[in-house]
Amino acid sequence: MSMTRSELQDAAAKAFDGDLPPDAAQSWTLITDMGWLMMAVPEDQGGLGLGREAVGVIHQALGRTLVAGPTIAQMLVIEALSGTAQDELLGRAMAGEVMTASLADGLTAMPDADRASHLLFIEPERIALLPTQGRGLTARATWDKTRRLFDVDAGEQQGIVLARGEAAVALGNRLSALRSLALAADSLGGADAALRMTIDYLETRRQFGRPLALFQALKHRVADMKTALVAAEALFWARADDPDADAISMGAMKAHAAGVYRLIAEEAIQLHGGIGLTMEHPCHLFLKRATLNAALGGDADHWEEAAGRRMLAA
Amino acid sequence: MSMTRSELQDAAAKAFDGDLPPDAAQSWTLITDMGWLMMAVPEDQGGLGLGREAVGVIHQALGRTLVAGPTIAQMLVIEALSGTAQDELLGRAMAGEVMTASLADGLTAMPDADRASHLLFIEPERIALLPTQGRGLTARATWDKTRRLFDVDAGEQQGIVLARGEAAVALGNRLSALRSLALAADSLGGADAALRMTIDYLETRRQFGRPLALFQALKHRVADMKTALVAAEALFWARADDPDADAISMGAMKAHAAGVYRLIAEEAIQLHGGIGLTMEHPCHLFLKRATLNAALGGDADHWEEAAGRRMLAA
Amino acid sequence: MSDALDGLRQEVREWLAVHAPKDWRAHSTSEAAFLAMQRSWFATLVKGGYAMPHWPEGWPGGGRSLAEQKVIYEEFARADTPRLLLSFMSTYHAASTLFEWGSAEQQQRYIPRILEGEIWCQGFSEPGAGSDLAALRTRAERKGDVYVVNGQKLWSTMGQFADQCLLLVRTSNEGVKQAGLTYLLLDLKAPGVTARPIHQIHGDEEFAEIFLDNVEIPVANRLGEEGQGWAVAQSTLSSERGLTLLELSARMRGAMWRIADMIRTQRRADDAGILRDLGKLASKIDATCAVADQFLANRIAGLELVGDASIVKLAYSRTLRDFTALGLRIGGLDAQYHAPITFGGGMETGNWMADFMNSYAWTIAGGSDEVQRNIIAERLLGMPREPKSWTVKESAA
Amino acid sequence: MSDALDGLRQEVREWLAVHAPKDWRAHSTSEAAFLAMQRSWFATLVKGGYAMPHWPEGWPGGGRSLAEQKVIYEEFARADTPRLLLSFMSTYHAASTLFEWGSAEQQQRYIPRILEGEIWCQGFSEPGAGSDLAALRTRAERKGDVYVVNGQKLWSTMGQFADQCLLLVRTSNEGVKQAGLTYLLLDLKAPGVTARPIHQIHGDEEFAEIFLDNVEIPVANRLGEEGQGWAVAQSTLSSERGLTLLELSARMRGAMWRIADMIRTQRRADDAGILRDLGKLASKIDATCAVADQFLANRIAGLELVGDASIVKLAYSRTLRDFTALGLRIGGLDAQYHAPITFGGGMETGNWMADFMNSYAWTIAGGSDEVQRNIIAERLLGMPREPKSWTVKESAA
């Protein structure tokens, strides 16, 4: 498994190593061409059967270079379809036909809904795939310009019901866990990139006659960031590898990862000084994606409370 | 007023400048001899009429050198008596006859109850001064050895009722505010002393061939402590000077001051390194008094919640 | 407080009741509207005599004590009037420096035009010389009666709207770095000057970068002697004397209702954790107000110590971060949706993500938090200074 | 996980079901009881073959792979057995150093006595040389067949109960500081040795200071050559290989019920703020467990980088502080009342003020958090090293 992970990581790193962020359309083509959308899907469903391992590696890579697009939502749709007999739709989704899902609740915060053929509608007792056509869309621009979110009008509920009742509850929990896993991976990739960028800057930039990297107060802050990042990465893989990790434990892990992302993105701005305050430097892109990741899919207040409550119930 | 404050401060600083902590019995004699117990009492009641100003200066001085003894409790009794016609009892209390009061709730956490002639019993609708004689006492040793707390059995409730009903509520709030003010002053005095001690240590102690005070990471932490302390001191005097500051605003201020004390006392241990972990160095005395001050008279959880709730009600 | 101050407070309050602009935030959604409002409010203040209370006796509106200025600031913060952002540098930095270093001729030339609304900016920072001003490299060569200036300036507040610039340049590379600096007054309409707004991460453009390409500045426009620029710059930097932070802290305290409102709207008023975080923040803001107040009181009493100003700035910047971060947290996903910023709306507009990002301007600009910590440790507490030069030897370990 | 490891896990579990001491904390209220329990539990482990899984093949109980050791540690943590505090230095630090640097004669002399319960301690730290070991000053002069040693050692874990000591001394002041160090094995019953417990702020005495007054140590008791002490000490310091932090993190995770119980008892289970703080702490502890686990996995796979160990230690020490601080906070005034400590009870006994103070031992001893941050920044991340010497010039500013 460790080999698989590092092989996957090498391939993913090579795919995105240019602009920050890379062009959205080209990125989508690359993601589908490389088969990333089918990696997590079981082999008997036409996928590569790499599961959470692949989800982790892929979204870390996308987060690292701030790739735009609806990959997380698409993977949620694919996950929802892969347990059903909807092979044809699953095939189209894995091939890159955009289908979207909420990164928040109900029919809100759906990435790229304007170019999606379908959307996943998750209700407590029913999960359905609805066609997008004919529905009213409201663009909800975020500060993070690498995401394009939409709220969608309910309109006709006609569509394909993928699960009902208890099965819907179970699928809903699985989707929630997957969403948290993907957002956490994106966060850790971004945190890693922002930290590297900051260390490079400190080593290059001179002030008061020496590189900033020689100032011990800054070095200690970098060391704290690195420690927080390494620990969050270890927690990420421990949860990814744990078949019993459910929506709450994944949610708490995502809150932890997004918190570390935000810490590092904030410190990146502060340690870059003036240039970090300007649009011309990519620092702010990390901060905006970090705060959005923290707010999507349930924020830290939500998940930490849930985790604490469960611990008391135990 | 500013002159009064600095005159008071000079006198207080001269009184305690030796051992850490000074002998408890000698300290009590000094405190009574200097008339500190009567300073806050209005002039027409036989006091010096220096009010909260005096309370602030005195308890900062006591906190700075970790003076042992029941001064805070004694001042509560004196405050409770000074609004009444109990001139004889008030005179005895101002002269140093120990009378105690709870630093927590009901009949718990009463300093030096074993040598007190009376104790103040604060109930929601009734505040009374009860004789101590004949009551069962349970010593409750704290980690902070500069305080000697006792729980007292209720026993006979016979005593002098100082206030009932609404008057008791008003007096109770005044006593709560005074207790918070005194604990905050004690905290800020201790924080100042612990910070000075730490700076001295960093300037003296050498490691890796230079004084610790030259390491920028440590200097920045010292600067943060100093900033927190100066701001907490400013808040303290603003509240002390504000006649409208009631139990909640004093409580929130005390929580803030005790938090800064604890931050500085914790950092003092860490920055002293190994020696800070041993009984032979006074560092730990500050940490123990800081955590006890934080827990007495309502902790931060209690007061911050109350302050937040009131802000929402406004 | 003295009766005279009480009287002034009453007078200001009455004047504000008549003249303070209402609903100005709602109208400040474009740069043009912001500029128009700033200009008209400044003109009103000049007429009322409240624009320049800090100017010396004899100049219009001047001669007020620091204690009187404090009263005026407090009342303006209380009435939530627009802050004088556009003319702040003119009335404080430019005027104070001219009063201290300008010749009578220079004062007569520039000061009246400030009253008429001429806008000044400051040209100190450079790429590569942010917190380390002594290292600046914009070069001025004297040729006869003019200096010919080449270089680039950064972080010039409102520089793109300004008419004049307080310019710090290098005239020599000899000796200690500070000794080679000279202070010039630059007309921004001069040939070779280009001012471009800097796009900030939250969408505002309150700073500019200024490019100087063979710009000629008459020697008559120099303040102080050649090589005296460092000293002149110190008086520019200390010109606002702590009033700004007093005002900003009070405004932050006044804006806490924005967070309280969100909590109520979201029905989280029974969430003990949120209540505590709110209560804790309130204490921290109150402490910041108190420390700014005490700083000014000490200044009035002549008790200010070197480094005290750094404590106030650091306390404010950290607290502003906490304030905007709590707003951002409670704002949740809603705060992540982009909303147009309020130009000149201050640091706490309730557009939380914008406010949060804007708070970085305070922890970075005007001497970063890191620089303030150095000053507090070294100058106020007397800890040893960061060595100016060091020899790096590899450790054997 | 391989079948062999599963088999081992099963075997350990079964053995523990029979042999693990029950209710040992309740009986560990005195030092004497603690020592007796430690000795008897060690003897049981030696008999069971689980005391020295890390020893080389051929020595009793030895020859286990790191993966097998990990399984054994996990099962012991799970069964909440007493940690082997008294014999930890003997079985790890002393034994590993002897295996690497000792002659066959030295190994035969010392190793069997370790199995019989001889206790070792470490004499490295000194007053004035805590985190900076190279600066140590305890002096050894060679006189014929013996070294005559004078000086003082500090922070020697359980030194007051030990029989032998791993002693690092200075034999020369020439050249770089590290080159003048020599490594000796000291019999603590030798004339001139005084070991005194250090009174810790929470009441425990797990460390000693050792005074050396003209103590004679035979040259035959030297490990490595004269001047090679620094290298020998490195193998002592790296002997436990990450197992301790794996165990301690797991034990902290296992002790979270203590906080949960307090919350229930205080009826604060509906306090959203407390719930969140608990949930947040749980994630942090889980992350610490995961990073310790990953560190060991990397070590097993030969992928460890310089500085990785510092990350694990820093993550653990900060998390332990958070854990004990939350306990202290929820404990409230009750936690401020003094309660007798549990000797050898670990870092999380539920005596919160004691546990909180004890957590400082982790942020200070064994390389303080500050030293770990230096190592992470400089060695793992390759940032420039703190200069070994520098020239302080006064700044002109």
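Think of it as A, B, C and D in the order they're written, each chain with its own count starting at 1.
Going forward, contacts are C-beta pairs under 8 Å (C-beta built on N, C-alpha and C of every residue); 3 or more make two chains touch, one makes a residue touch a chain.
Predicted model only: the values in this text are computed from it and were never measured.
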{"item": "Any chain in contact with chain C as well as chain D", "value": "A, B"}
{"item": "Chain located farthest away, centre of chain C as origin (C-alpha)", "value": "D"}
{"item": "Pair joined by the larger number of C-beta contacts - A-C, B-C", "value": "B-C"}
{"item": "Chain centre separation (chain A, chain D; CA means) in Å", "value": "40"}
{"item": "Mean-CA-position distance for chain B and chain A (Å)", "value": "51"}
{"item": "Chain C, residues touching no fewer than two other chains", "value": "272-277, 370, 373, 384, 386-390, 392"}
{"item": "Interface hub residues of chain A, defined as touching at least two other chains", "value": "214-217, 219-220, 301"}
{"item": "Pairwise touch network: line, ring, star, complete, or other", "value": "complete"}
{"item": "Residue numbers on chain A that touch chain B, as the complex places them", "value": "215-217, 219-220"}
{"item": "For the chain D and chain B complex, residues of the former touching the latter", "value": "125, 128, 130-132, 135, 154-155, 198-201, 273, 328-329, 332-333, 335-338, 353-354, 356-357, 360-361, 363-365, 368-370, 373, 386, 388-390, 392"}
{"item": "Residues of chain A defined as touching chain D within the complex", "value": "2, 199, 202-203, 211, 213-214, 216, 219-220, 222-224, 226-227, 230-232, 234-235, 237-238, 252-253, 255-256, 300-301, 303-309, 311-312, 314"}
{"item": "Interface residues, chain A side, partner chain C - complex", "value": "104, 109, 140-144, 206-210, 214-215, 217-218, 269-270, 273-274, 276-280, 283-284, 287-288, 291-292, 295-296, 299, 301"}
{"item": "In the complex, chain D residues that touch chain A", "value": "256, 260, 263-264, 269, 272, 274-280, 282-284, 286-291, 293-294, 301, 311, 314-315, 318, 370, 372-374, 376-378, 380-381, 383-384, 386-387"}
